[in-house]
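Report on the following structure.
So that you can tell them apart, the chains are marked A, B, C and D in the order they are listed, and the count of residues begins at 1 in each.
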């Protein structure tokens, strides 16, 4: 298994499938502590990515992610649009024009994505945002990739599992960033929608490599 | 979900199309990407004013495009801020060379998307200043949150900054008037019922028949706390108290009182709230110099209202009184 | 029942008081018996225009008191026509000697109470003409009923007759303009939800989540029939069809299109309906020359809308465009 | 038992009690085929009558009914206000300034009231209005009074019973006058609120004489 342009395209298509499948669930999560649009936004965004990918296959993973970044930026809106847009853009930049991604490069691309989200949104871990999915994912990917010899699938799986655990761990938190923060203590007891969609994205990366 | 719509996905597009048809004398609608500009934009020599945000708050913002107020409005999906690829062309379209002011309600999404658009516009040589509106006193501890939300005060910022632009103030001048309004206005809202976002198909929160939500925003999100239903005077007192405290309104102050409906509340009820608010302000020794009562910034069909108080000075009063001709606000023109 | 009110018994009084405070530049409120007059009434040499009816239809009628429209509005209890002892002093107060036109929506209660007041006014030497508004095509077989109801068309009659009075037409002239508007306007409404009369404390009818009422009036009464929920275009077609048939609208006709919200429907939905209505009229070869979209004659917080079409001629168009300055409708003044 | 001013005042007070007691029921009836205000209107109107009567006792039954007419006219509004106002006014006129009412005079006063309602409202029997309570009441009162020697209480009872039966008989009718007529066929199966309140008024007349 190599992480090449074909994998990236498959990944992004699986993201779109995941968003369509979990659209209602993400809307429900956002309904509880936000404004009921996250699932709709993500679904709309990734459908647009699929449409874009249909117009011509990118030559490198980086190109695929850049196209995704630009599309999400222009189709998602809300907080998630610019945050995911920046994440995919920074990841694309980190990958450069390499045709294949090795485990270490992937871990660094994830770190760049996370740093982009933090740079735009100024959230810290524990603020109950998507950062709470990305940060453990970056740590897990780096740990799995450590030494450079690791299996790329193992890195993807480690990131996905950590993101999922990170999303679950947002449940008890009181939000300090994003729309949920207006609820104060009432935001506790609900999962952050952006953390949930982040976990779906990183799980799709596994699916594309499987 | 019962709505007069065809398809949740086409709500914004069809509604804006209808708006464009109904107000073809005032505005031009660009459909892809979607934004609404003043018919005569760009107005030579005038600073351009652009606002926008998620849809569902009508008449905000498209209803305020026209002489003396906004040059462009950029509607996002329902409750979803618009994207830079809409905001940028709207900004370019209304730039006459005097620069453009973005009036942005303080929500993470709005801030980020307008920020990106402003950067892109600057890269194309257009000077952009941003006025951030954050008048919602319901958000406490704003250091530990995304900050106070932009709510009712937005309408007043748009009107008054629009008048400053119309009279020929320069870019920094218009922005600083907008900021002055924002600094002097506070708002607090209540919901008697939730609203239903079309694509969600379900009420934004569940409220018992004898409960109300205090401190709501304009996105159908729950508020800070839930209390048993009270009478109108009690609710009015409850909303006004933090507004007046935060603004430190007292004897001799002159204010604009804005009682805003959230979309599903009859006008008659808004006037009952207004009546009590006037009493309370009078008791404090303040004078209500100007008033606005109606559905001006809404959350779809939500029942409830918000009360905004703006501390006036002579210049703000004069700018408030200046002619305005938009679909939703009109006088003197 | 959740409402921003203090007591069902004081809803009208407190709401009108609030209205009077908010619009003290435009109107004077007399409290006992209750009526609202134009600030500068009686206007010397001008025919006076008085309308009224049950409350709960705000901004109708108080919102239309002012230059170019009504001289007085007489509010009854919620959905209950006012009494002669209110209508009479309102009539006397706005009579400058040129006589007074009563604009009366065709409901038994309104007709009888205004009839009595007119008789009493005549007895005091004031000439009164009555314009009966009955534009509701939902009432079929009107021979076997109380006749067609006055609904959306009322707003147009008040505006256009008001302009005729303002330009100096005499008593018969103003009345005949009002009658011409009534003869050329038809309306049909739909409810997506009922409303709750404050003193009743209970929804005016029960409607399933997937049903709508076609042919409703403005009093929360059920309509002619109940159908499954349809999309906005389908509903628009269904409302427009009998309106256009009854008016015999066809190629070359110029019309005013009025999409009215019943109080609880967001503006965005009204524009979706408007958009479709324009398409339908265009397909018939008619031209939409003027438009009005918004909550202008309501049934408390009912969700739904009505569509009115008025066939225009040059004079009606000119009178529609004439300056008006009221709380709810304003242009050119 | 004589029908004098005291009886009339007692009657009108009992009307007010009946309206207060049946306020919700009348609102309910009006909710089904009208606009939910009839009970509120009648209650408001008769409370005002009681207040007026408290200001000074009328000297004759006719004076009491005239005061009632004027008060209902100025406080009830809607269709019922002018109709009941006219009814009481015509009854008052028919009674003139006699201090006591005999059975025949009472039957004729009821007939005058009914005629006043018909003159104002133009409804025919069977149109599902208050006329459907008044018309049988008039017929029954006249029949009971026939010969002039009848017991006055019997006349009152006959009128009340006939009005009650008349109100019940409006249930299956399709309305042709008033607000219920807009409903067409859908008005069938519901009692006319005005017929119901008319029956309450005529029943109160019995109570005042008992």
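As a convention for this text, a residue touches a chain if its C-beta (ideal position, glycine included) is under 8 Å from a C-beta of that chain, and two chains touch if they have at least 3 such contacts.
None of these values were measured; they are calculated from a predicted model.
**Student:** If every step must land on a chain the current one touches, say how few steps get you from chain A to chain D.
**Tutor:** Contact-graph shortest path, chain A to chain D, evaluates to 3.
**Student:** Where the CA atoms of chain C average out and where those of chain D average out, how many Å apart are those spots?
**Tutor:** Centre-to-centre distance between chain C and chain D: 32 Å.
**Student:** Chain B to chain C: how many Å between their CA centres?
**Tutor:** From the centre of chain B to the centre of chain C is 29 Å.
**Student:** Measure off the straight-line distance from the CA centroid of chain A to the CA centroid of chain C, and report it in whole Å.
**Tutor:** Computed value for the inter-centroid distance: 54 Å.
**Student:** Could you tell me which residues belong to chain B and also touch two or more other chains?
**Tutor:** none
**Student:** If a residue has to touch 2 or more other chains to count, which residues of chain D qualify?
**Tutor:** none
**Student:** Among line, ring, star, complete and other, which best matches the way these chains touch?
**Tutor:** Graph shape here is a line: each chain touches the next, no loop.
**Student:** Sort out for me which residues of chain B touch chain C in the complex.
**Tutor:** Residue list for chain B touching chain C: 2-7, 11-12, 14-19, 21-23, 55-56, 58-59, 63, 192-193, 209-210, 212, 229, 231-233, 235, 263-275, 278, 288, 291, 293, 295, 298, 300-301, 303-305, 330-331.
**Student:** Which residues, counting only chain D, touch chain C once they are in their complex?
**Tutor:** 27, 31, 33-37, 40-41, 44, 73-83, 120-121, 175-179, 181-184, 186
**Student:** Mind listing the chain B positions that touch chain A in their complex?
**Tutor:** 33, 54, 76-85, 107-109, 112-113, 115-116, 138-141, 144-146, 149, 197, 199-200, 202, 204-205, 217, 219-222, 224-225
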